[in-house]
Amino acid sequence: ISTEEPESGDDDGGNGGAEDYDEHEDWETVEPEDISGEATLWHSLSGGEQDDFEANLESFNGQFDADIGPNHISDLEEQTMAAIPAGDGPELFMWAHDWIGEYHQNGFLSDQSADVSFDLEEYFGENAESGMFDGELHGLPHAAETVGLIYNKEYVDEPPETFEELLDIAAEHHDPEDGTYGLGWPMDAYHVSAFPHGFGGHYYDDEAGELGLTNSETVEGFEYVLDEVWEYMPGDPDGEAQEAVFLEGNAPFLFSGPWQLGQLDEDEFEWGVAPWPEVEGHTPSPFTGVQLIYFASAMDEDDERADAARAFAEWYTTNTAVIAQMADDHGFIPVHNAFAEDGEEEDELTDDLQGFAAAVDQGQPMPVDPDFQAVWEPLEDEWWEALNGNKSVADAMADAESRIEDAWD
Amino acid sequence: MTMRDWLSNRVRNDVRTALEKPAEWRADVAYTIDGMRRGTIDPRDVAKTVFATMATVVFVFVLLIPVYWIFIIALQGEGATLYSTDSAGLIPEQFDPAAFIWVVGDIAIPGAIIGITIPFIDVEFYLSWPRIVFLDAGNYVDSTSDFPRYFWNSLYISFWTVVFAMLMIVPAAYAFSRKEFAGRMKLLYGYILFTQVGAGLGIASVIALYTIFSSMGVTNNRLVLSLYYAAMAVPFNTWLLKTYMDSIPTSLEEAAVMDGASPFRVAWEVVLPLAKPGIATIFIFIFLVGWMEFIIAQLILSPEHYTLPVGLFALIDEHNVPWGQFAAFALVYASPVVFIYMFAQRYIEDGFSFGGTKG
Amino acid sequence: MARLKVENLRKEFDRGSIVAVDDVNLEVEDGEFVTVVGPSGCGKTTTLRMIAGLEEPTSGSIHLGDEDVTDQSARTRDVAMVFQNYALYPHKTVFKNMEFGLRMSTDLSKPERREKVEWAAEMMDIEDLLEDTPDELSGGQQQRVALGRAIVREPKLFLFDEPLSNLDAKLRTTMRAEIQRLQDELGITSVYVTHDQEEAMTMGDKIVILNDGELQQTGEPKAVYDEPANRFVGGFIGSPSMNFVDVVAQRSGDHLVLTDGEAFQYSLSPEYSTEMAVDDGESVILGIRPEDVHPADGEDGIRTTVDVVEPIGSDNYLYLDIGDEFMARVSADFEPEVGDSVEVTFEESKIRLFDDDNGESLLHSSEPVPTPEP
Amino acid sequence: MSLSSVGDRTRERYQATVPKHLRERLDEHRPLFLVLPGLLAFSLFMFFPLAYTIYLSFTDAEPSTVFQDGPGGVTGFFGLRGEESFVGLENYIAVFSDPTFWNSLGITWLFVICSVALKVAFGVGIAMIMTSDRVKGKRYMRSIIIIPWALPPIFTITIWSGIFSSARFGLANQAVIFLGFSEQAWLNDRWMAFASYLVTEMWLAYPFMVIITVSALQAVSDELMDAAKVDGAGYFHRFWHVTVPSIKRPVMFASILTAAASFTQFLIPYVFNRGGPNRANELIVLHGYQEAFNFNAYGAGAAIMMSAVAFIGAFMIVAVWKGRLAEGVDGP
Amino acid sequence: MARLKVENLRKEFDRGSIVAVDDVNLEVEDGEFVTVVGPSGCGKTTTLRMIAGLEEPTSGSIHLGDEDVTDQSARTRDVAMVFQNYALYPHKTVFKNMEFGLRMSTDLSKPERREKVEWAAEMMDIEDLLEDTPDELSGGQQQRVALGRAIVREPKLFLFDEPLSNLDAKLRTTMRAEIQRLQDELGITSVYVTHDQEEAMTMGDKIVILNDGELQQTGEPKAVYDEPANRFVGGFIGSPSMNFVDVVAQRSGDHLVLTDGEAFQYSLSPEYSTEMAVDDGESVILGIRPEDVHPADGEDGIRTTVDVVEPIGSDNYLYLDIGDEFMARVSADFEPEVGDSVEVTFEESKIRLFDDDNGESLLHSSEPVPTPEP
């Protein structure tokens, strides 16, 4: 038992904030003028991300005369669904861009295109598009994410160039009785999307609003996974199980996103990140997501609060120091042009992030059409049916399409 | 005897019994061995008992393997996972209490300065003591969880849930058990009927509920949430306590009436003390409502008022589950209930009086 | 302490389909100890509960002292009751049990209450138990506490509902004496319900016999024993029971000859015959108590065989082959073998005759038919 | 003294001010006032959502309409009404003509029957062991064994979904391999998934069954047991002829409650595999949820919920009535 | 039907800290009806349960017929037991209740079982109740069913554990006769436990008295009544109880003079004096039964005052001012007032003397000290 004086409060020093990073001299942070409002922001960032994010937010509050209150919400979808229509929602919330269509349709979002104070194209390039729907501006992007190849350097020094190569290595190490596997790859519709897309197919055509599951290319992509890859994976298609084998050092490869980096233990093994290897001449093309700070409909209620909220979103998404810090520490792939455009700056990104950034380049953005939300589940259901050998891939995709179309009616 | 005296007495007795148990067991064993030597106790009989006990212990272990597993996961520290390739993790690889320390945080008595003023003579004493630290989490982990805050929120909500519910349930159960009034049987049927139907409404009712709270302007109000829990606890627990009260002989109440006690006194001094086992039982059930409920709490409360289950669930983010922390959190979370149950077990096992359900 | 007067008391249950108590009248003098006795379900408890105020009478009135308490609640009647199962508060110590009534119904200060409880505890010889809880006490001790709880308040009226029926035979005798001693010392008006006629006889200044909710007879124990108002009372009071023989009465000259068609024959002398309101040839029931049946040494008796001999130490019971069941209590020295033929006889003054139909006593000498006292 | 005299005085005043006939009426129904607070509170939180759900089931509500501002006030459900419009019985017709609804209902009933049978057998079995004379230290084991009851269901269910991983290293698969079988794709096979639901449900619910059964078992008359022994009845006959009849009603009571809980089970299929594979195991509440949220058809979702409520309600009515649960000792 | 022999039976509870039954020996002849009596907690039930096989003896053996059944389970012993609370299966009809034992322990076919049950039901006069369930029956009827259930199997041995103690006084007498009739008709060896000594006396062919787990005396009821082996038996058997007076014995010539230091003085004649193993000046306890105390008409008696007069109809009980509590049972005609001075006397042949220390009888004439029969 030890004793301390009453006054001594605990001050858990964080591991370095955005102060350690310099702002990019060419890209000025968009700073607000005379704001004075309070606003609420909802997010569901994980532990470490949350700490740093909130520290940055506090520094914004300190710098300017605003009070943005961050709330960590555990089930953001359900909460926003209930609170926003009831008028209890926040001004801002953070999520990937794929909700935009549906939330727009439900009237959950606010259009800020008239009020935003800088040129989005200039800062975010084409990623600016992801915050737009139907010509309205519903959010600002701050990071991108997608699935790439993470490899264990104890098994392979260099990432394989082609998938055939990868499978050879996988086959070599695959021995379930002994607890080792060829590779880990969560088999949900999101993680697996690189193949159907890479083979030239698509889940859903956002422009035309059409399904593409039964396209021969899509089917071919799925079939390749089923026929060539599945046998070297743990039998559970669920993400947790797939990731576990890699994280424990029992598999050379894992297809996953930057969020996985926090789970890796440097003491256990060294790893690298690479874009998707070529497969039979195709380049796999994963779904990419863009993390947005959404403008919720509460911003239409009170101008003062809206100003504060918008100012924070602008400041946060344009502050290169913050972006660099979040990228380094939490694998948030920058969408800010400062990190993409001039090749010189790219060196600022860690190797890991470069790998994922390359994967983003390979990928294609998730559709935003509200109708697309109905695709996920039937697709995944049917795909797993095929994985389990209950159906052929073609049949499964046909069934998935008919289920999705049913749902649309 | 006040409730508090009674409670502390009980706890003291229970602790004493628990402490004396080993000695008693030793005496049992000695007597048995002695009996076997003298030939008055059949060794086969003893063997049967030993075997049955061992088999039961094994069975209990198998039954609780998931709990054991969770415990092991919680001891794996950072890299813990539910999906371990290595021998399913049933044999622990390492003992790392970090997750538990992360959950509970510092254990300390906060420092304080207390002023005592003695009336009339205007003398003031100042008593101050430093913060006494039993466990400084900072020595072991970088950060600690919000468990203590969630814990107090949960405790606060559960406490008021119990208070509200008791205020509504005890008089009602008494009335159901002892009085005749219009619609009594119908209400009882209704109560039993609705104990479970409510859950069937599913998510639609969640939206409607949110609207009630929202339109009353009481989202994020812990007291109103307590009231809601209490209300949901009413039917089942009223019925349960009623059946218990049915088994209390009326002659005691009549004796009190003959002694000149008013109806309130009869209830307070006779019926309530006698209904203790029944009340202990519904106490546990009601407490658990507030302690366990997740969906509405998550919907209604903002983070500063999050309860334990919401806090637990908040550990899971979109992509990752920190299994070690998650498991440790859940175990620490469950421990008060197990603890309370241990003390209340006797009453709970008596508390279901099936006076009302006996054939 | 007060007089209790119950008039035309009636209680119906279940919408009148059960009449538990039917038009009962009863008067208990100040300081009197009245026992109420009757078979199970005859309405004893119901009557007592109405007097206590725990049950509302359907009709009739109850006066306690000069007051009409019929509509008063039990709380305010100043009546104490001792229950069959003691009804001690299991969660309170003996002291608290006894103090409770004082706390509820008097304004006494704490020390005054303590003094009173101690007085009552001393009276019941339970001073040492005051800090125990009821479950630590034996049945007899619990009963003492229940009595102590009743006396500590010095109420106007004591009610007892079979307070001894849960005790074993020996303890019952002891507690019976205890209650009588209390009653002597305190002189509180008491109503004591029991189903045990011996208890009722030995304890009561007056005894009240109920059957089927109706009052059968009221009177001093000895009077009731000697002059039962009807066959029911004759059979119910006294142990072993009065013997009954169905006989036909035939006037033969001045004599009245009673025969049962078999061996039984008895001739009443003229002086007794006239006392009986019996017609020639009428069927009547003859009642004679076992202790009045003697072996006929030499005299001319009724010859019969012995079915069973039951020794109870102090006496022997002989079951004789007369009527349905006929018993004689004879001294322990007289020990015939089963199957022996014996001659028995009895004094004619001990004979009671009852109406064949309604069971009323046919004895003229006593008051007309002594049922309800006003 | 002071208290009771104050009481008397207020009573007098009360008697003076309130007319007699009203007073009598009040007195007669006074016990009702003890019941009312709970009843009102419960009604508020129970019937409002119920009414709202019924209302929704007759509309074409979907997120894009229901969340728009509608009329306020009572008729507008205090602002709950949006721009949805009435469609009459359309939702119900659609639901009842949808084979997936009937599949869901069927699998739900199957789940209820199987899980209740298992829970009862398992609960009674454990309770018998935990009250056996042969077992020492059973009190302690009884208090340990209720741990599953103290853990939040959402957590336990997540854990169980991990146990039923179809990977070779999943706990269930390890057990199966240990027993000499081949590994299973638990959650990806219809009946395997169903079985895993059952196991989980059983594990979640057994503490409740054990608590109730233990207290029922403790009330079994020793004298009856002895009588049966003397009558020559062996262990199983004693169990069947003495134990079972005396614990029958408490256990039935627990079964009815737990049956209703099984009927409304949502989290297990949701967390395990969303009622999969391929919606084959969608229990009814999950089915309603899926309709409402995945297909954005709140009206249809509400219609499903209401149908479910009707079924569970009918079940409870029959069960409560047949089981005479509402009655006390003084019941008819 | 069989002989029962119990040898050195001992039962400990709670790790030997409670000795419920201590070295009891007992022999019951084929067809004999033995009653076991003693105060509450003396080990009656425990003994009976060991005989039934429901409790395992700590040591000792039990023989039934020629078989040692000590280690046999209750199921296979072929004994029937009637319990205090009847222990009828509440969910079975009377018929099923009675049939259950047959179904469990015999191979009889269904019609055979029905026949047997009907025979037993007729025997117990409950044919009309066969389709009812126990809760529809009155206490007496339930007891009949319990008896019927026991007899239907015609077991080797009947055991009864206070079967009548839940019935009211009248019903108890009836059922007592019923059980005796059954025993006469069936002649099955029976052990009957009761705490009511009157029941034990009237029903038993032989009576066994237990106290504190130890056997006190075995013998025919009359023998036990007349020659109690010790003070405990003297006081326990007989109602009202034997009177005890602490006296000092002084030899005065051939006579033995007993005085209590107060008014009490009695002089034993030489022939009786010699029978008693008493030294000069020794303190002993004098026992005399109430019915042996008579008013001394003219003779030289002991003068004392009357404390209480209790009329029980057939007799009067007088509480006299001798020793602690001294009662005389006199005829109903003798009715002194309370406070009257009366003279009482008794025959010297009725006097029993007991050792001051261990309570053993000091009478030489009977067998040495008749406790355990082999």
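Note that the chains take the letters A, B, C, D and E in the order they are written out, and that residue 1 is the start of every chain.
Note that in this section a residue touches a chain if its C-beta (ideal position, glycine included) is under 8 Å from a C-beta of that chain, and two chains touch if they have at least 3 such contacts.
Chain by chain, the UniProt names read as follows: B = Maltose ABC transporter permease; C, E = ABC-type D-xylose/L-arabinose transporter; D = Sugar ABC transporter permease.
These figures come from a predicted structure and were not determined experimentally.
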Pieces of the assembly without chain E, by contact: one piece
Set of chains whose contacts include both chain D and chain B: A, E
By number of C-beta contact pairs, the top two chains: B-D
Label of the chain whose CA centroid is most distant from the centroid of chain C: A
Whole-Å separation of chain centres (CA-atom averages), chain C against chain E: 26
Interchain centroid distance [CA atoms averaged], chain A/chain D, Å: 39
Centroid distance [mean C-alpha coordinates] between chain C and chain A, Å: 93
Intercentroid distance (Cα basis), chain E paired with chain B, Å: 54
Per-residue multi-chain contacts in chain D, two or more chains: 162, 165, 167, 169-170, 245-246
Sequence positions of chain B contacting 2 or more other chains: 82-86, 206-207, 211, 215, 262, 313, 321, 359
Where chain C touches two or more other chains, by residue: none
Touching pairs - complete list by chain label: A-B, A-D, B-C, B-D, B-E, C-E, D-E
Chain E residues touching chain C - in the complex, by the definition given at the top: 39-40, 168-170, 173, 180, 195-198, 201-202, 221-222, 225-226, 236-241, 289-291, 308, 310-315, 317, 329, 332
Touching residues on chain E, where the partner in the complex is chain B: 15-16, 58-59, 90-91
Complex contact set, residues of chain B against chain C: 1, 249, 251-252, 254-262, 265, 269-270, 273-274, 276
In the complex with chain A, residue positions of chain D that touch it: 63-64, 66-68, 82, 162, 165-170, 173, 183, 185, 188-189, 274, 276-279, 294-296
Of chain E, residues touching chain D in the complex: 49, 52-54, 73-77, 79-81, 83-85, 87, 89-92, 100-101, 104-105, 149, 153
